[in-house]
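In the two assemblies presented below, chain A is common to both, partnered first by chain B and then by chain C.
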Partner chain A sequence: MRRMSGPSGVGIGWRPEIAGFVADLPGLRFVEVVAEAVAPAGPLPDGLTELRARDVTVVPHGVRLSLGGAEPVDPARVAHLAAVATALDAPLVSEHIAFVRAGGLEAGHLLPLPRSREAVAAVVANVRRARAELPVPLALEPIAALFDWPDDELDEADFLTEILDATDALLLLDVANVHANARNRGGDPAALLDRLPLERIAYVHVAGGAEAGGFYHDTHTDPVPAAVLDLVRELCARRRPPALLLERDGHYPPAAELRGELDALAAASGYPVVT
Partner chain B sequence: MSGDLAARQAELVATLVAGGPLPPGFAAAPVEAARRALRRKRAGDVARHWPLLAAGLGADWPAVFVDWAAGRPTNGSLRDGWDLARELRDRGTLPPLGADELAWREAANRYDGRGTPRRRRLPALARSGGAVVVQFAGRVRLLRPAPR
Partner chain C sequence: MTVLAADTWGIPGPVFLRWYLVAAVVLVVGTAVYRFRALAGTPVPDHGSLGPQQVAYLNGGDQLAVWTALGGLRRAGAVGVHPDRRLATGGPLPAGLTPLDQAVHHAASQGLRARELPRDEWVRRALDELRDGLVRRGLALDPERRRTLRRGSILLGLLLVLGVARAFVGLTNGRPAGFLLLVLVPLIVAFLLFNRVPWRTRAATTALRDLRRRHTALRPAAAPAYATYGPSATAMAVALFGTATLWTMDPGFAEQAEIQRQAMGSAGSSGSSCGGSSSCSGGSSSCGGGSSCGGGGGCGGGGCGG
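Let's look at the complex of A and B:
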């Protein structure tokens, strides 16, 4: 089997609930699938098999590795991610700069790390452990968080750059997370773009969210706000990433609305429409 | 500081999911907001205890649950789902599948809204949103499903 090409153009997060919608997108070249939702030993979901037959790139996106955990990454979870990458013939996999469990408790969500040298070292060690077992490159995604640790030694740009410089990882930049963090934790999102190694971006995430309780929540269940699309334009003006992917994880809107979101992403980035 | 990260990560997770105290130096309001966001995940756990209720609400389930769970500490997934189903019934927005599930549970168990639900020893008839369920000697039967 020939390896699929890297992510390109406008893509969408493949979810079983919208498999029919995704299958009907004529120009689609790239999707992402939650790695933990795929059983690599069994048959792949029909929708993914069809996309594979069309040479659509499928990138496994892990959410439970806990690369930022102080403890070594679980080898069984790495092996699973590696097997999913092989089963999907994926050109790369992605995961988060975050931890999801500690002290025997599952947080059930991606949690932020302190921006400290100790945390950089923990992530770097786990990325190296994972890379040793993965058949393809790994892209790292900085997360959205509502709070900061009290004793940051580095700012966001230096924290991310130190991790990327110490590993061979690519960057999965989530523009909605950049917006959310600036909104909730302060900072200028455009200034952050100026300081990130944009040439290492494998692809970009874009998602919707909503204001609630004085915070912007990166819900993935609401429309993409204008401010996030503005940030996509800011990013593309600096250096257009090879691909941009819309993440939607529930409250799926009518097909026309979802097509509108994909078209808006194409318009903001200048890539061809896929609908 | 070496080795400190593991302990501090454990402390933070306990704060967010196990009612632990706010670790020193953290801002209270944003951590509280994060704790609330985790309720969205809690919605998935309750859905596993109340599969018909969640299925009946379909794509609306997470939002309905999170709205309801705001300001309510969990009493466990069984009671959380039970309280929510009763509230939806009283509001007239309980979907038929949820009405069937609630009537089934009410016929089989006695639940006062405060303590642990107990299995009924006496026969019972429960109605909810048009669903009728009978329980006799511990055997539960759906006599009439809620109108679809």
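Let's look at the complex of A and C:
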């Protein structure tokens, strides 16, 4: 089987709402699709089939695996992720370091873990379980949080490094989250970059957000702020990741604006423009 | 009183049946051949050269062309609607307006209601202009050509009336009419088929199918980001997929302007592409030729599911 190459250059999160826009990006080499939105048994969404025919890399991005849950990951969900990866001929899949359910209750969204050794052990165990069933490598994405848990034993960098050291997982770094965490919980985002294993990065997420009520919210529905682009430049100056992906999940702007965001990302990273 | 009933109308049954059959075959074959040729049309080399309103006219006639113009103007922020359902204008007029856009915009500035648009004189004239252009390109049929096409079915109808009358009179007089009745059945089927005269050619149907496939991202089921796609693509979405697009894009406007909700084109069959338009005599009859209507359009299988 022909395996497509890993993510490279500037990409964009594929959503049905903007499938026509994404299809018209001439230089695009890489997109990401929400894994739960793909039914691997049925035919792929039209737009994705077209992108695959153009040899564009499509990375399934899971949001419901709950790797951070105390209980083992649901084998059916892992199987689904694996099937989507196969259907898309994906070089890797990604998931969040978070939990979305506990004790049978669904939170409906991603919740942050306390940064404890216990949580590290839980994540590591679940990553190993998932990895055993997945045909391709797994990239882990730390999420944004508005607050620190009171019993945090580790700081963000140590927490991530311990998980990555204990598994063969790659890192999916969300630059907007790094900015959000530093802005909301204090700390120097550049200092965090210095302490992360940047060589493990598979690709990075870049998304827009907005300030509200004294906090920075990682909304994915606003333009990418200059501070986040600055952080992209900081990251690329240290070690340029293989690929950067623009995430937009709603309130889609006119095409020209969206192209402008992709161009800004290309300019900040030094990768070729895709528009 | 005679023992044997006389031949109906003085013509012996076998003689009538023979000539009736000859007439039926000539009429059906003649009409079929004429239809097949008249509906072929001219293939479009580049489907991208068709504008949204042209596509709308081919897909759903006058009414859909008007909704398409209205959708494009709404997306561009050039029209609105008052609570009393009268249209209004606002914002700067976008560039590159078609005559139909201008007519609809003018009608909106006069405070017409959306459903009155097709009857507005300016709009009427713009629609005729739109149709004439499509007729010249071999995609739409002009009224005269449609009248001619209907003539075949009218003649067939007359022949049917004659046959039914003879069978009725004969049966009333106790004469056998089994063979005649047998001939009448396929004739009725042919009449029903030919009675439907489409307003577009098979070339247009092919073009529409290709355009639907090319614009699957604009299906209302995908909840397209119309702001990203812009006014022109939004208009194309109305043209290809019906006013469901307007309801998805701007439900408040669609409701207040009393825009008829219609989803079309998802199955690719022309039957569904006949929405509320009163001029919708055609549509499925373009399937008469057979091959032009197979397959299903841009949205087969699971692509629609998400």
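Definition applied: the second predicted complex is superposed on the first by the 274 of 275 C-alpha atoms of A that agree within 3 Å, B and C clash if a C-alpha of one lies under 4 Å from a C-alpha of the other, contacts with A are read in each partner's own complex, and residues count from 1 in each chain.
Here is the rule we use: a residue touches a chain if its C-beta (ideal position, glycine included) is under 8 Å from a C-beta of that chain, and two chains touch if they have at least 3 such contacts.
Quick caveat: nothing in here was measured; it's all calculated off a predicted structure.
Using the contact criterion defined above for the overlaid structures, shared-chain residue A:18 touches chain C, although it does not reach chain B. Within the superposed three-chain arrangement, the count of touched residues of chain A is higher for B, of the candidates chain B and chain C. When the two structures are aligned on the shared chain, A:252 is found in touch with chain B and with chain C. By the touch criterion defined above, A:188 lies against neither chain B nor chain C after alignment on the C-alpha atoms of chain A. When the two complexes are overlaid on their common chain A, residue A:47 makes contact with chain C while staying clear of chain B. In the superposition on chain A, contact of A:199 is made with neither chain B nor chain C.
Once the two complexes are laid over each other on the shared chain, residue contacts for A:37 go to chain C alone; chain B is not touched.
In the superposed model, A:107 makes contact with chain B only, not with chain C. Once the two complexes are overlaid on chain A, the chain A residues touched by chain B in the first and by chain C in the second are 17, 252. On chain C, the positions that touch chain A within their shared complex are 215-218, 222-225, 227-230, 233, 298, 301-303, 305-306. Of all residues in chain B, only 1-14, 16-18, 24-27, 29-31, 33-34, 36-38, 40-42, 59-60, 62-63 touch chain A in the complex they form. Chain contact summary for the complex, chain A toward chain C: residues 16-21, 23, 37, 39, 42-43, 45-47, 252-255, 258. On the chain A side of its complex with chain B, the touching residues are 17, 69-71, 99, 101-109, 111, 114, 116, 118-119, 122, 145-151, 184-185, 213-215, 217, 219, 221, 250-252.
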